Every structure is written in structure tokens, then in C-alpha cells.
Amino acid sequence: MDMKIKRIKYYFLESIKNLARNRVMVVASIGTVAASLFVLGIFLILALNVNNAAESIGKTLEIKVYLKDEVTTLKRIAIERDIKNIKGVTEVIYISKEQALEDLKKKLGENKAIAEGFEMDNPLPQSFVIKVEKPEFISKVSYEISKLDGIEKIYDGKGIVEKLIKFTNIVRVASYFLMGILAIISAFLISNTIKLAVYSRRREISIMKYLGATDWFIKWPFVIEGVLLGLLGSILSIMVLFFSYQYLTNNVSLNLLLFNFVSAQSLLSFILQKFLLMGALIGGFGSYLAVKRYLVL
Amino acid sequence: MDMKIKRIKYYFLESIKNLARNRVMVVASIGTVAASLFVLGIFLILALNVNNAAESIGKTLEIKVYLKDEVTTLKRIAIERDIKNIKGVTEVIYISKEQALEDLKKKLGENKAIAEGFEMDNPLPQSFVIKVEKPEFISKVSYEISKLDGIEKIYDGKGIVEKLIKFTNIVRVASYFLMGILAIISAFLISNTIKLAVYSRRREISIMKYLGATDWFIKWPFVIEGVLLGLLGSILSIMVLFFSYQYLTNNVSLNLLLFNFVSAQSLLSFILQKFLLMGALIGGFGSYLAVKRYLVL
Amino acid sequence: MIEFKNVSKVYGNNHIALSNINLNIKKGEFVFLVGPSGAGKTTFIKLLLKEIEPTNGEIIVNGTNITQLKRKKIPYYRRSIGVVFQDFRLLSDKTVYENIAFAMEIADASSKDIKRRVPQLLALVGLINKEKLYPHQLSGGEQQRVAIARALANNPSLIICDEPTGNLDPDNSWAIMELLNEINKSGTTIVMVTHAKDIVDRMKKRVIALEKGVIIRDEQRGVYGYEN
Amino acid sequence: MIEFKNVSKVYGNNHIALSNINLNIKKGEFVFLVGPSGAGKTTFIKLLLKEIEPTNGEIIVNGTNITQLKRKKIPYYRRSIGVVFQDFRLLSDKTVYENIAFAMEIADASSKDIKRRVPQLLALVGLINKEKLYPHQLSGGEQQRVAIARALANNPSLIICDEPTGNLDPDNSWAIMELLNEINKSGTTIVMVTHAKDIVDRMKKRVIALEKGVIIRDEQRGVYGYEN
């Protein structure tokens, strides 16, 4: 046990010494990890924001339900309760005939005279405006509503909703797909660099072998080195991403867009662990594979 | 002169021999060039398609001009000529009162009875539909038209157009910006790898120096090697991009989107020279800088 | 201790570096391996270390047939041998001290032992004040002496030296030879490849002479024997 | 041909490798540079090649003050010297043939000359059948002979050898020495660092002895002189 701890300490010391003495390698490896993850991060930011935008557009969608003229107050309250009980419904707003007229007048603005005749015998129906959790629920909810009594007409902007959902899904699948590809490429680039770095030390590796070092005695410091390089590189990329994104969101006003940026903090919490893990894993595993190769020779 | 040609031949032979003998380096460098440019290419495809979509949406925009009732045929022809003369206008379509009624009926479909009363005394105005080269022209053209006589009203969907233009511009600037960043990162990654590859041959470089080789005698084969590696990597990335994009455009139906994919051929013609040039330049220049460093020592 | 049975080594397709070598070196012997350049001396040593495999034959060291040694056991086998390589094989990114300490680390020596023994070894080869230098900062002879110190580090039962005095002046060479002789007297087997005629002639140890991959002479208390 | 004026070389902060060296070597001379390990012999050669700069003093070769040589002119200066490095410095990714051809390419030799001369040189050092091998496939002595062949390739007016026989058996060593003697007779200046007492003693050439960076002896027709 004591031996084990001594060994682990030794491996760490070795890897840190090696890092300190192979500056070209260190700079190149950290740079590659950071740059690769930075690109991945840019893409992630885009994907997060597109998803966010699609969701916030989705949230503004609502179902409008017009009630038949004969529906009484009691009946109306029953309908309201029934609608509220449908899964996915978050809010039901009642609009009375009077409210509807008010709204129409507001909409007409200067031309509100047109609606003046309505005050005697209001032709506008009473209605509900219904909000749902996610746009995906709209068609199911409106189908449930259509089965209720006393409903004159339902407007759920079906065409738009379906298009939006399809579009969001495409964007989501495409962005997962691309992010997968980018992650693989990042892994490739990083392990490529580490392979070259180890390659430049192949002579050292073979000497250790001939001195009687076991494979793991040689491998461990390299693996730890790889993990450290990966971690340093990912920390660098996280920092650059976070600060530049923070700067961007604080200084670029996109008032014409329909949505807000995902906040820099939530970006950070999203990438922090993932990137650290990815950097460490690829670094360690890349080194492991690279050393292994020169051990067989 | 003869000497020069011999030298050039020698440099090429040297660089090819070196490539053949440093397989780890070759695989790593070509892989890095290809992977970096591939990422750049993915992004380029996205940007091209977004731009293309914005443009094709822009092209569907048109200006609708309603004429006053008193405008005679002669006057109408004069207006049509005047509009055609405005810079940026590509097409002017005349819609007579009768045509307008027909169109209305078609739109009403089953409810066309509503419009029946209109046949006696057609209340619909005659109008022009005007197409312009680019959405950017719409507001200027509609301003010019507004100065003409006999115009009742102009609909140019101004709000939407402006939003669209702003959005397209943001996308364009953002994609240029991101592509710039990606290009810089690609350059960094590639030159990083080449630096490491040269680093693993620093001993050879210093020996050449001590044997009395001039700096350029040492540098040239490396620069040529870099250029060849860059070219091979970029060819690889171009091929992968082209074939996978072709496969994508042929097999993924995006019928719900408002636009078509940019064709694989036009992608190819767009990236071919740029990528080859970029690969060759970065490869050559990266090698040059890396060797230079070990020459000073 | 060392037994070669019909050992041959062919490089590439047809370069016969060693041809049908039969040999027996007993525990505690001091053996000089001599022969002209390219005779196969380093090949002999590389075979002993399992750096290369024989094309034919068997090599038995300390009762173990090393040609059949499992991959996992090779490191432990190698640790039992101290080697001075012809090309030194110092780790270029470690200092003199670390190079020797590393060989001890490999063999699981304790930090205390390492701290005690490395300075002793450096003193033995006269490099006390060079411990913080890197190999490229040493003279040829100094590098060679580091390689010798490293070979002695783990008190191996077998020491193999490939041309250990090629870069040393006569004084230093003799100091090294006396050191090896001392170590040999305490029971360590020593196999030494050398071109130094005067050393071989004066030491009066067993001499095995190779030529073109064949043993042409094997004498107790022999001499270098290549007249010029 | 070679003149050292008050030359000193200090490594790092305080390691004095050469101290106030004054020396004159005439064209056509054959000079042995001897001295114990770490005396500063290789440092002397590195200074001559401008691989390192002197801390103090001036070095004049062929009338040129090389301490003031412009960077651009260094390669041309180096080509005029043939060097056998102590650590060989063969290009590991080139074959034996290419290593020698490369030295000639550097000096702008024509392909015809290269094709004619390289086999001649290989024959001189006895490596005709090794031309297609890479350095790591050669024995120590073979590598050393490639380094010697390369040093002779461009018919330099000055040949510097740092321990050129350290890995060679006596026969091969004498063959090389006779070759160098031959070349020296045709007017080439030769400076040779060596620890081979018998060679120095039998050649009866000028001997310059260094110790701890100081010239302690400089004799025409001298001997190695370090008794053991």
C-alpha cells in the first residue's frame, strides 16, 4: 500500500517534470485541445440559441376556442374546468363578449366607429385563450377540446405549429449530429497532436523499455500528462468561450430577434463538466494509445 | 540556370523521400489539415444555405401598387413605363380590374358567391405587381413609385422586408466572422501539428546545419513537404465534404423548408480553390516557420 | 549462467550477423568479447537483452530460456542485468542524477536507497559535480561514465558492457576496469565487448573472439590477439 | 591555418571548459589533441565549427576571423571543413549512401560527381555492401566509418576528427589512420582528438595536450604521455 502511494506520487512527479521539459509539446497540445473544444463550443452556442429561440417562439403559441352563443355562465365554467384538466394546458384565459368587443375596438383604433353598431347586439362570441407547456401539445389539446360540448370553433394555428415543430426537430437533430461529428473531429485532432508529441519521445520510451521498465511504469506518466494537458486545454477553451460569449451577449443588441440569448452563466454550467471530462479523457486515452504503440516496437 | 533546375528537382525529391519515411508525421499532418478544413467546410455549408434561403425568401417579396380609379389606359401604360425605368425593378405585372376580380374569386373558392355582386360595378382597383432584384431595393423603389401620379396605394410589406434584410445581414456578418475565426483556428491547428512534426526532426535539422547546409537548403524540402501535406489534406477534406454533402442533398428531403439546398456542385466550385490554396499556404508557411525556429538554435 | 545453444541471427533477408553460436559463461566469470567491427558483438548483447530475437537457437540465462520468456516477464528479466550500451542510451530529458535514479525507480528501489546510492555511484565514476547537467551538456567520456554508473545502480548479478571505454582516456579507462574487476570479485558476472587491446591483454581474463558472426577463439586468460 | 587567440569558453555561469587558449596550427599539419575526459577537446572543435561561440578571444581560420563571421557565411565556412563528430551525427532518416551524398549535395556537387565519389568513399572505409542500410542498422564501428567517409567527401582543406576510432578495432583503426596520413600528405590539415595512446605514440605527430581547459603540453613528434 505504501508502495502504491509512493508509485502514484512518482508518476505524478514524473509527468509534471516531463511537461516542464517539453515545452513545444505542451504548448502544441494545450493549444490543440483548447482550439478544438473552442470550435465545438461555438457550435454548441449556436445550437443552444437556436433551440432556445424555437422554444420561446413555441411558448407564444396559443389555442383560441370560441364558444357557442347558447353557452351559459355555468356551462362556461364547466368547460373552463374541463380544459384546465387536459394534460399539457398551463393557462386558460376567459374572454367575455364585452372583453372581445373592447379588444376589437382597440385593434381598430381610429376606425373603431365601425364596431359601434355592435354595442346594441354584440355579435362577437365569448372565447378562451389557452396556453400549453410545449408546442408539441397543441394538436393533442385542441383535439381534446373539440370533443367538449358548446364549442363553436377552435383556432390552433395548426399549420404553423406543425411546421415549427418539424423545423425545431430538424435543427435539433442536425445540431446533435453536427456536434457529434465535431466532437469526433476534436478527439481526432487532439489525439493526433498527442501522438506526434509522444512520437518525438519514442527514443526515450524505447530506452526505458530496455532498462527494464514495465509497460505501465512507462505508460502512467504519459497518461497523466495527457490528462493534465487535456484539462488545461479544456479550461483554456472554457474560459475563452465564457468570456467572449459574455462580452457578446452584453454588447450586441439583437433587438430585432424574437428571442433572448442563452445566458453566459447557463452556457458555462452546460459546458463546464462536459468539456473538462472530454479534454481529460481524450488527452489521457490519446497518450495511452500513442505510448502503447511505441512500446510494442 | 541548369544548377537551379537541378536544385529544384533535388528539393522535390528530398521532400518526397522525407514524406515516405515519416509516416506518423504524414498521417498526422494530413489528418489535421483535412479535419480542420472539414469543420470549416461544414460551417461554410451552413452559412451558404442560410444565405441562400434568405435570398430566396427575399426574391419572393414584391411591391403591390394600386392605381386610382380615374387612371386611363394611356396613363396606366405611362406609369408602367415609368416604373420599369426605376433602377432595381426587374418585372412589372399589370393586373386589370377584371383580373383582380378573377383572382379574388379564386381565393374565395366555395364562398365566391360573396363577390358576385361585384360583377356589375367592379370596386376592385387595377394594380401592378412589381418584382425587384434584391430585397434591399424595395423601399427605394416604392419611394420612387410614390412620387408618380395616379397611385392610390402602395403595399411593400415594409416591416417584413426590413426585418428580413437586417436578419440576413446579421447572419451574413456573423457567418463571415465565425468563418474567420474558424479559419484562424484551422491555421493554428495545422501549423501546430506541422510544428510538432518538424520538432521531432530537430536533431536532423541541426546536423544539416553543422554540415554546412544553408538555411534555404534545409528549409526548401520542409516547405515543399508542408505544401504537399497541406494540398493532400485539403483534397481529402474537399472530397469528404463534397461526397457527404451530395449524399445529404440527394437523400434528405426538407420539403417543409422554404428553400432548396445549395447544390453540391456549386459548393465544390466555391470551396475547391479556396481550400487548396489555404491548405497549401498554411502547410508551407507552417513548415517554414517551424524549421526557421530550429535553425536559429 | 549464460548459455547459447545453436544461436543464429539473420538481419533482413540474408545478412548473417551471428551464425550457430554455442557458448557457456559461468556465474562469476569475467569475459571479454572481441572481434572486428561488424563481427556481431552488439548483436550478441542485444540477443541477451531480448532487444532482438534470435533467428534460430535458444538462449538460457540463469536457468531460464529467455527465448520463450513471456512478454510480461521481460522487464523483470532486464532489471537483473546492468548494461552499458555502445550508444549510451541516456534519457535526454533527464539529468545525470535522474538518469541513474530512474534505473533504480524502475527496480522499485526506495527513495531512501536512491538518495543514498546515486551520489555513491557518481563518486565512483568521478561525476559528483555533474549531477544536475543533462546528457547533451556532458563530454563524450562523461556520458559514457554515466552509462556505467547506471549499469551498476541495481547491483545486478550480470553486467554487460558494450565498449565501455571507447570514449575514455587511458586513466579513466583503467579506473573503470579496476571498478569492474572489483565488482567481478564480489561474484558478479561480467561480459565486456571491447576493442582496447591493452586492456584485454593486461587483464588476462577469458577472451571470446568473434569474426563474421562465428566464434573463432575462446581462451581462458587470453589476449586480444588481432595483430596489426 | 588555425589560430586561437586568448580563447576561453565558459558554460553556464561558471564551468570553465577552455581557459585562455593560444594556439597556432599551420597548413598541412597533423595534430593530435589529447587529454582526459572533460578536458575541453570537443569544446575546442565546437568552437572551430562555430557550433558554439567563445566567451572570450578570437579564432582565425584561413585568415578569416570566424568569431566575426556573418551568419550568412557560416555554411560556406563549414563546408570547407570535414568533421568526424564524436557522436557521429548521421542523419537517421537517410541511408549510408544518402548520408554521404547529402554532404556533397550541400556543397553543390554535381550528380555525376556524387555518383562517382560516394562508392569510392564507401570502398575506402570498407562499407561497399552497406550503402542501402540506415544508421540504426549499422554496428557502432560501421557508423563511425560512415562519419569518416562523409568528412572526406568534399575534399576539405581541413579535417577535424573527434575520437574517430573509439568504436573501431585495431585493424580498422590503423586502416583509418593510414588513410588520414595519406590525405595529410597531399596537403590537408588534420586535427584529431583521440584517447588511443598507441596510435598517438606510433604516428609521431604534433601532440597538444589539454587538461582542465588549459594546454599543458605542445610537442612536435610527441607521444600520448598519460602514463597509467
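Side notes on the structure shown:
Which chain is which? They are A, B, C and D, in the order written, and residues in each are numbered from 1.
As a working rule, a contact is a pair of C-beta atoms (placed from the backbone, for glycine too) under 8 Å apart; a residue touches a chain by one contact, two chains touch by 3 or more.
None of these values were measured; they are calculated from a predicted model.
Shared contact partners of subunit A and subunit D, listed by label, are B, C. Among the other chains, the CA centroid farthest from that of subunit D is the one of A.
In terms of their C-alpha centroids, the spacing between subunit B and subunit C amounts to 67 Å. With centres defined as mean CA coordinates, subunit B is found 27 Å away from subunit A.
Centroids of subunit A and subunit C (each the mean of its C-alpha atoms) stand 62 Å apart.
The distance from the centre of subunit B to the centre of subunit D, with each centre set as the mean of the Cα atoms, comes to 62 Å. Within subunit C, contacts with two or more other chains are made by no residue at all. Residue numbers of subunit A whose C-beta contacts span two or more other chains: none are found.
Judged by the touch criterion defined above, the protein chains form a single closed ring in which each chain touches exactly two others. Across the assembly, chains come into contact as A-B, A-C, B-D, C-D. For subunit D in complex with subunit C, the residues that touch the partner chain are 11, 34-38, 41-42, 86-87, 137, 139-142, 144-145, 162-163, 166-174, 195, 197-198, 224, 226, 228. Subunit A contributes residues 3, 6, 10, 18, 21-22, 201, 203-204, 207-215, 217 to its touches with subunit C in the complex.
Partner subunit A is touched in their complex by these residues of subunit B: 24-25, 28, 31-32, 35-36, 38-39, 42, 163, 166-167, 170, 178, 181-182, 185, 188-189, 192-193, 195-197, 199-200, 254, 256-257. Contacts from subunit D toward subunit B in the complex involve residues 49, 51, 75-81, 83, 85, 89-93, 102-103, 105-108, 110-111, 150.
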